[in-house]
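Here's a structure for you.
Read from first to last, the chains carry the letters A, B, C and D; within each, the first residue is number 1.
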Amino acid sequence: MRSKVTVLIRLKEGILDPQGKAIEESLPALGYGGVESVKVGKVIEMIAEGADAAEIESRVRAMCDALLANPVIEDYEVELTAAREGG
Amino acid sequence: MRSKVTVLIRLKEGILDPQGKAIEESLPALGYGGVESVKVGKVIEMIAEGADAAEIESRVRAMCDALLANPVIEDYEVELTAAREGG
Amino acid sequence: MTESVSSGGERPLHLQLGLTDAELEEIVSILGREPNEIELSMYSIMWSEHCSYKSSRIHLARLPSEAPWVVVGPGENAGVVEIGDGLGAVLRIESHNHPSAVEPFQGAATGVGGIIRDILTMGARPIALADPLRFGPIQAETAGGPQGVTEAEAARNRYLVKGVVSGISSYGNAVGVPTVAGEFDFAPCWSGNPLVNVFCLGVMPLDHLVLAVAANEGDYALLLGSTTGRDGIGGVSVLASAGFDDAAASAKRPSVQVGDPFEEKRVIEACLELFEEGVVSGIQDLGGAGLTCATSETAANGGKGMRVDVAAVGRREEGMVPAEIMASESQERMLAIVAEKNLERASAICKRWGVTASIIGKVVPGDNLAVVDSSNEAEDVRGLGFESSELVPVAEVPAASLSEGPKYERPMGKPASIEAMRQDSPDSLGAGPPLADALMNLLADPSIGSAEWAWRQYDHQLFLNTVAGPGRDATVLRVKGTKRALSFSCDGKARWCELDPRLGAAHTVAEAARNVATTGARPIALVDCMNFGNPEHPEVMWQLSEAVDGIAEACRALDLPVVGGNVSLYNESGGRDIWPTPIVAVLGLIDGLTAPPPPMGWNESGLSVYLLGQTRAELGGSAWAWRHFTHLGGEIPMLDLDAERRLGELLRTLAETDADTRSSLISSVHDCSEGGLAVALAECCIEFGVGLAADLSEVGELESLEPHEALFSESAARAVVSVQSENEAALLAAAHHSGVTATYLGSTGGNRIALGMVDISLDEATDAWAGALERALR
Amino acid sequence: MSEQGGPLVAVIVFPGTNCELDVVWALDCAGGRGELVFHDVSDLSRYDGAILAGGFAHGDYLRPGAIARFSPVMDGLRELAQAGRPVVGICNGFQVLCEAGFLPGALQKNAGLTFICAPANLKVERTASALTSLCTQGQILENVPINHFEGNYTADEATLRSIEERGQVILRYCGPSGDTSEEWNPNGSANSIAGICNEAGNVVGLMPHPERAMEEITGSTSGRPLLESFVESARQSHGAALGVK
């Protein structure tokens, strides 16, 4: 099975987010008020091959623990979307 | 209305993604084969206040064009999730 | 370029590709037949303005390029000059103007990547970068910018400035080459068409010199580095060689290239190891025109033929046709020519650094570049098409005909407006604003104030060579393992060139050489980047021709060989050509550096301050007239090259550090340029926060000067020095000996910049000057 | 220890590292002997200590240090660290040590979101470490260059409290007279932290570049006490047992 996998990586609650803060601060000056709690994270997308959805997911989770996310400051979420060809 | 908004920002097709490339190259050596087309993008989350969903969405899109994304090399997607309090 | 090479369209293909009917005829006569589509596309990119210098070549030939210490002059990827101890300094300047207008971050980043490969190609480790930059105004008229500048325009320019600076920072820092100098100027002519020039310096043992040649039959061509994609296809002919308006700019967006400094860093280390082990017989970077350029130039330089198999080229996109593979400008690639016996060693070195190396071609008898495509052949032949003479080439042309290209003698004509501009003397402006306001305004001008906002974002210390870093008249880098040091400065004086391109260009050279002299260095080489408008306008060709003559004249007078350069044409904004903007970098050599050269400013009280050189009423083209009246007119200052030469020699003697005392005769030295004497003196006070009490009434013994003239006149061949009282006599004697006028101005100390006719607070001046750029960018 | 000169120090090179030659040069100034060691080497037993030099290992892609921490050399470093020999990560090396779990916390983007190459003043907060043993408590090191985009030291509350309590902070950013308040914090680091160590003090990470402050001619000599301390602790740990013997 081939599946597109999306990993969302976000800073943990309580960890300061300098990028989010900078965006939040600059928005009003650009005329965009009414926005708060801006947080910036990463989205990593890939095509993974595996026996089945469960196997792929557990492998991607292992990749997140080892490499893609930094458990000291980040949380992650893994989502498999429809199996498909190409990127 | 208050809504949580998620913006996904990705490099356009055909634009080189050096980060994705570096991750993809390093995975096999770490024992994670079977993965390809790794792409790295950004996810920006925020709480936005507005008249209604349509108004919020169009304002966030304007923010993307002006600040959050680089339209020359990036595409973006805006999604409103259930209105809620807190971040 | 977005249209595919094979698409029909109504217009003939050669026109779509940017070739003229006459050029097509020329190709037919070279080949003795009609070119096919692949051949046509190869000619179109190689004969583009950017690659062939077809409009400028006849003029560049007038630049002096010889001196006993020149090892490699113009024509190679970079110039090389001997600096003693068996070492060579390698230098080059390039522009990445049009890509930066479309995508400032990536445009600037890939510009940095490109120039680094030019230096590397010679066999040298790149050790320093510098970035002379030009943008449209970043302040609207209402915020103190030039007349007519709207807030929207200023905002766009601010976006460009931030993007370019972070692109340079991001790529330069990560690739591991320090950015040690730079330069900013702002004027409406560059709005929408910023100039992003990049200078790079390398140092190498001269016996490691490698050239871009494929001279031995049987050697292989190895493609190193990144995979090949569709990025930048046609970038040369479209992005770099045609003027464009906003709509066209959006259409070109997909061809934006993304730099990968990590790949480049690995390529640098792998190549340096290849050179160290002596396993390459030639090497060429892939820049404009990609593989077409690299393969044809190495073959032509070696007087041989080359056979290339596009099926052997690693790709990152599917369905690429041979013409695309040959044209791709994907970054971070090099072409190494390697003898068969060295292949294994070369591959092993590349592998260790994680650099992909594929054999894509072979040096063969004859003088043709033949492109074959074995992708549909049997598996045992696939990717090996360069080995078999049976495969019929999909393109085959004489290699030299690609790289030689046409040469045009385009019509030239003096701009009609120039005489009227020169007659519009700044005398008509009167005395201008109150002197204190005028001085404060100039200090706060982003073209004059500190650029620290930018260079704080650049790693300017890597390699531990930086003895005098950014923010100085010239940068000084020690050469480890020797007693020597290199000094260099990048300069451009576009306002003056607009009024008088010949004299303005000569002044540009003189100023860069003077900057280098303030560090005690002897200027030894120059590279130039000729940023001009549309060469199809006779006025632009006249400006280019005049500027070349001005540079040539100044270089001859100062014994400076031009060892390389770059030409960027079609720089237009809002349908108007930019001011002629030649930018030069002058390299100087210090033979024995035992301590840092004297600083620009004074760092203690009680020093005597002298002005060296003569001041005239010369406000034509000055920062004073431009800043306060958006006025550009009159005659620019006179240039006495002999006086420049004598001042240079004097400064060298004064700034030289004595090996025993580790100090020099003078305590500080700073040349006078934009903003004149007043700005120079203020900058000297600001550096260490030590004020000055001076009297400028003795300035200008040749003619009587109005106060604003004494303060802001931009007469050339001047510098400000400070000395301990016990060294005053020696200073005066040395000046007298060199025939340079020395005028006592006053003594250092206090917290005012008190110049007699004007007196301002040092704190306020410091604040205005230090925050000039950052404030304007907010 | 090498026959000629001082202790032998492994200077670790990942693809993308760029300060390795500078560190070798600076070690020489400090009386040590640096040798470049490529990241694919896992046996470091012949070295008296190691320095992970700054730069952009693997391009700093994903996160600085994220990919580097899987290199074979990390095993060798772990052994050196366990044996009590000094292991110091400078800048990118600090990021690698945090990612690899040698040191607590993480380094995020600078609060100002720009790269900063500038001098910083540092206050010595602990002298029992491989990098500060020759310093005095409270000593101010003036004008030590920092050069980073991601030097903003971050950890959760509990971790921060614990490293403060155990005295693992060895260097803080400060003003000319030692004031460590926010005003002098260049990058937003929690508690103005510029460098930390493990509990034993032999594993150290810091963002500033002491190797850039070794000689008058390049502007500052304030890095000397740091690298001289390092060389001294390498000298003392010469022959310290590796692994379980």
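Here is the rule we go by: a contact is a pair of C-beta atoms (placed from the backbone, for glycine too) under 8 Å apart; a residue touches a chain by one contact, two chains touch by 3 or more.
None of these values were measured; they are calculated from a predicted model.
Participant: If you walk touching chains, what's the least steps from subunit A to subunit C?
Facilitator: Between subunit A and subunit C, the shortest chain-hopping route counts 2.
Participant: Please work out which of B-C and C-D is bridged by more C-beta pairs in contact, and write that pair.
Facilitator: Most C-beta pairs in contact, of the two: C-D.
Participant: I'd like the Å distance between the centres of subunit B and subunit D, where a centre is the mean of that chain's Cα atoms.
Facilitator: Those two chain centres are 35 Å apart.
Participant: Approximately how many whole Å separate the CA-defined centres of subunit A and subunit B?
Facilitator: The computed centroid separation for subunit A versus subunit B comes out at 9 Å.
Participant: For subunit A, give me the residues that contact two or more of the other chains.
Facilitator: Residues 66-68 of subunit A touch two or more partner chains.
Participant: Which subunit C residues touch at least two other chains?
Facilitator: Residues 260-263, 354 of subunit C touch two or more partner chains.
Participant: Residues touching two or more other chains, restricted to subunit D: which are they?
Facilitator: Touching at least two other chains: 58-59, 61-62, 67, 70.
Participant: Could you classify the connectivity of these chains, where an edge means two chains touch, as line, ring, star, complete or other?
Facilitator: The chain contacts form none of line, ring, star or complete graph.
Participant: Which pairs of chains touch one another in this structure?
Facilitator: A-B, A-D, B-C, B-D, C-D
Participant: What does subunit D use to touch subunit B in their complex?
Facilitator: Touch residues, subunit D against subunit B: 58-59, 61-62, 67, 70.
Participant: Where on subunit B is subunit A touching in the complex?
Facilitator: Touch list, subunit B to subunit A: 8-10, 20, 23-24, 26-27, 30, 32, 34-50, 59, 62-63, 66-68, 86-87.
Participant: Considering the complex alone, what residue numbers of subunit D touch subunit A?
Facilitator: Residues 62-63, 66-67, 70, 98-99, 104-106, 108-111, 113, 152, 154-157, 159, 188 of subunit D touch subunit A in their complex.
Participant: Which residues of subunit D touch subunit C in their complex?
Facilitator: 15-16, 18-19, 21-22, 25-26, 38, 55-56, 58-61, 114-118, 145, 147, 149, 209, 211-212, 214-218
Participant: Within the complex, which stretch of subunit C touches subunit D?
Facilitator: 166, 169-170, 173-174, 176, 260-263, 265-266, 269, 352-354, 455-467, 478, 480, 593, 595-596
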